[in-house]
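Both complexes shown next keep subunit A, but they swap its partner, so subunit B is in the first and subunit C is in the second.
The block that comes next holds the complex of A and B.
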């Protein structure tokens, strides 16, 4: 058995290692080509576009960094940046804790594990627009489900989406409900990769369940946790659809995110150069935040 | 092993080769078709104006057949587009100097494309029949004195009442003016309902919300030259104050802040609001299912200082980059003739923009809406209309949520709007 497995490898080695990079490249080439065409080139295009005043007709003038200086002076940009950051601060911990909690819970489940896994993953494959519409009903100030429940304990009614104090948290809950399934699966896979022998050894040494989690599981989970953190942070910075559907950015722009501003600038006002500049600044912010996270959480990788 | 690899390569390569060949063949076919004969092609982007798919297909196929029969040498290419992402697609097509020869647009889309030089005037298409259109039809598609659209249908809005609620509140005569609404609001509230439907989401079009109130107060959104705004003058203040006092009294449902212009899941659709002032025939159809058709009453548009409603033409516009402008204009002229418009009206449920074509009113509701057509105002097209809509919508929210006084909010919006307008010139 082991022989048959090893044979192809050794026969490749005999043909000479120099051919191997080519083979490797051949395998990644389709993905690389797609990445270049659909990811990298658009970014370059967006950068070039951000240096111009590009009109709908295709006419454009080179304006150097005008779009960026305008961005720095734009109150709306500052406001939407604050909204996005606030949202991120609420959404990311919420989602990470929710997915970690569910993953840990699911790992304990023995009976019908596949079923429970699917149930929690289900929201992830529904459309965010549909989820947002339904959550909007749940939050409704007049006859929403949530207010009906609060009414039972004589609280409210609360206008969740109509107050600047609660609107971002309400949207974050919706997005977290919709999106935690993905991170949950990744964390679940991470949990299952934690060697059982470590946990058994710790148990024999007298470590309690919290200690085992804190000193064995969590450190082992770190690379996976880092990945989840980065993915969810990027997702948070890109928030748009839930806000578009649930509040239209209101009330009084309390849920008007950076991508919302980008969308309005590009597709409502046709200010393509400015929209591209917003996109690139967003890219830079996400890059910096990811690098900081890497230093803090993912330093071993 | 090498033979396995060989087979694998062949397995992958065969379909690929077929694909490449097919692509090459199809592009050849396209080329020879347009160059060998003198056929000119006109591409049309049409949207589901006719909601029913089968009826839509039938109508447009007949248009294609009839038009091509009457105009040999022109090949009409119909491309049905979804409403979804329409703005993005049109913008992208025009910015790439591509896009169809002819497409459907509504008044507020046109000015920005005119400013960008993407549209060609079509005065010569509509001039022969100019007197036969509704008052708002051609002005609604005109920018700076030039006509850019050939009207093919007309929409209308009017006031719609929930009779059940009015009866429960003990109101026998439905409120038709602002004063009557103010008088009715306490009674309706006492019966446990809201009085007036309103959409204050920044994504909602003010053409269906604040602007009709502004026009009814005798005001205008923009100054006559379009270079500054006029909504912060006395009529604007009157309209916003009316709205705010109604809001404070509980006359408008609280979810108005996040509600768009969809009826189905709105308080109006759910039978919690007594009346709406910019309902469409489609809205009447929707609420018929929840309230029951017998409980719907359609009135005429509201009266403040004036009686004004909203309704606009949908028009075919011509791409300035079209290579077959003459052929495209022939098609536009064909489309605005009575037979095409009558059939479109029947199939779509929209009204015809022509006064000499009377599509038979399907029922009493449709007839009531037809009465409102004479009060229809097509809005105030301006290249900055959408930005102004957004920023004024935000300030209206600030008033409703108590963050600003009406005059302050209007002045703040006016300042931003005027800055914007001065930048665009």
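The block that comes next holds the complex of A and C.
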């Protein structure tokens, strides 16, 4: 009796963990279940929903690609694409320059570096909603901080958020303020990894500080810079929170982004099929940006 | 060996001869740095000043006069809005998510790193693939799923769908796979049950990774907006971010909005102040992104 009991145990021990697949499966099980239900199912669901006219009631019929043909004819969709692209074109260079600039300064200045690093990172730990609430007031035409400052030099008042010409740039500044600390840290690590011997050698050869930056630091930094460029671009295409809080998409839809249209289609008009189709367009854009990055970086290696 | 997530010590290169020795050039950069830092902090400072300024009159320059400091805005916004309730909701949403994500993701990470089981590689690949899909793209099906489960406007609906965090699984798998196999084999030979190996060997060894990841998961949930906006439909289910956003659309005076904003930012700042070493040191290594 005791022998039969002992035997399987000892054979298990000898064979080690690799012969007991259920152990691994049990450890994965909770996360796997969550994934299957709340990640994979919605991904498949998004695609299937976009082929239906699913409504709030739960009733639906198969409409094939109708939602997509509707998208192509929808002026609001075209408008939201233009707004999202314009925002991205303003936001990405702004935030990359800001984070690169602060990273370079931090690397050059030893004085209180840890302190300054924390200060620049501070806005990142707050929410975009908080940033939007504060900056909405800063931009305010009657009572805002920026117009109070401009008033000192007899300029303005400027209605930054009330004009279609300035609204996207104003929101981009808010988002850049909120998020640049993150990219700054990544770029700072990249800068610190540039071999000092290269820079010293160039200096002995008589290269000035701009030349050293342009021909040594920048090429060495390229992969990191590219990573930052891609995550900021992907983030820019998903812009919503700041616009929802600061402008409500206005004035006259001039800050009405793709995700805003998705949100309204889904939760204002309960047109779930159409909103899913917009979600798939967003996914395609993000996918293309990632693939372009992979190709460009792959070519480098 | 426990500090694997921290950035390896990079030799300090700032003393390089690049730093110009001329006094003017030596001062330009620090000045510029200090100015940038001031501009970065001004919005926070303005928020606090306005929050303590008297509710009548222009916010500037009145807010700059320390004689006018008042707690009135805080009292009013606390009594007229549901800030305590929103805070409890945000705390529950964030803390429960942190505990569950850390537990489930470290279990899955351990299995992916150290166990062999059928379908492991395909599963892991699929986990990674979902990182490519932006959350907004699956917002509608996720919402429909939650409403079918009758979880709309409940903590179940708010929390459970956000626990499937593939980034956490990926990071912890990377971290655990660096632990030496001999450790686990020795424990197996000693006859330790699997669950004890996990809780008494794996978990203590990955504590630094859990700390960093925990902070990020907390901040992601604390600052999350779109999902709580969609799921928390009644006033009792709103989180702080959603509440703050509604507060400033409801013709609440700006001083009170700023007082509310000041209250919401305190927990983030506390987390940041206490744990910023973990945060700033690990980002460069792992590329965590909220």
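Everything that follows uses one rule, which is that the second predicted complex is superposed on the first by the 248 of 301 C-alpha atoms of A that agree within 3 Å, B and C clash if a C-alpha of one lies under 4 Å from a C-alpha of the other, contacts with A are read in each partner's own complex, and residues count from 1 in each chain.
Assume contacts are C-beta pairs under 8 Å (C-beta built on N, C-alpha and C of every residue); 3 or more make two chains touch, one makes a residue touch a chain.
These numbers were taken from a predicted model, which means no experiment stands behind them.
Of the two partner chains placed by superposition, subunit B and subunit C are both touched by A:136. Contacts of A:171 after superposition on the shared chain: neither subunit B nor subunit C is touched. Set against each other, subunit B and subunit C touch different numbers of residues in subunit A, with C touching more. Judged by the touch definition given at the top, the superposed model places A:102 against subunit C, while subunit B stays out of reach.
When the two complexes are overlaid on their common chain A, residue A:54 makes contact with subunit B and with subunit C alike. Once chain A of one complex is fitted onto chain A of the other, the partner contacts of A:90 are absent, as it touches neither subunit B nor subunit C. By the touch criterion defined above, A:118 lies against subunit C but remains apart from subunit B after alignment on the C-alpha atoms of chain A. In the superposed model, A:270 lies in contact with subunit B only, and not with subunit C. When the two complexes are overlaid on their common chain A, residue A:247 makes contact with subunit B while staying clear of subunit C.
Shared contact residues of subunit A with subunit B and subunit C: 54, 133, 136-137, 140, 143, 244, 267, 272.
The touching residues of subunit B, counted against subunit A in their complex, run 1, 87-88, 91, 94-97, 112-113, 116-118, 200-204, 253-255, 257-258, 260, 265, 267, 270, 272, 386-387, 390, 394, 397-398, 401, 403.
Within the complex, the subunit A residues that touch subunit C are 9, 13, 16-18, 21-28, 30-32, 34-35, 37-43, 45-46, 49, 54, 101-102, 105-111, 113, 116-123, 125-138, 140, 143, 145, 148, 177, 182, 185-186, 188-190, 192-194, 196, 199-200, 203, 209, 212, 227, 231, 234-235, 237-238, 240-241, 244-245, 259, 262-263, 266-267, 272, 275-276, 279-280, 282-283, 286-287, 290.
On subunit C, the positions that touch subunit A within their shared complex are 7, 10-20, 29-30, 32-34, 36-37, 40-44, 46-47, 50, 58-61, 103-105, 107-108, 110-112, 114-118, 120, 123, 126-127, 130, 132-134, 136-145, 160-161, 163-164, 166, 169, 184-185, 188-189, 191, 194, 198, 219, 222-226, 229-230, 241-242, 244-245, 248, 254, 257-258, 261, 264-265, 268-269, 271-272, 276, 279-280, 283-285, 287, 289-290.
Taken together, the subunit A residues at the contact with subunit B in this complex read 8, 54-59, 133, 136-137, 140-143, 159, 161-164, 244, 246-253, 264, 267-270, 272.
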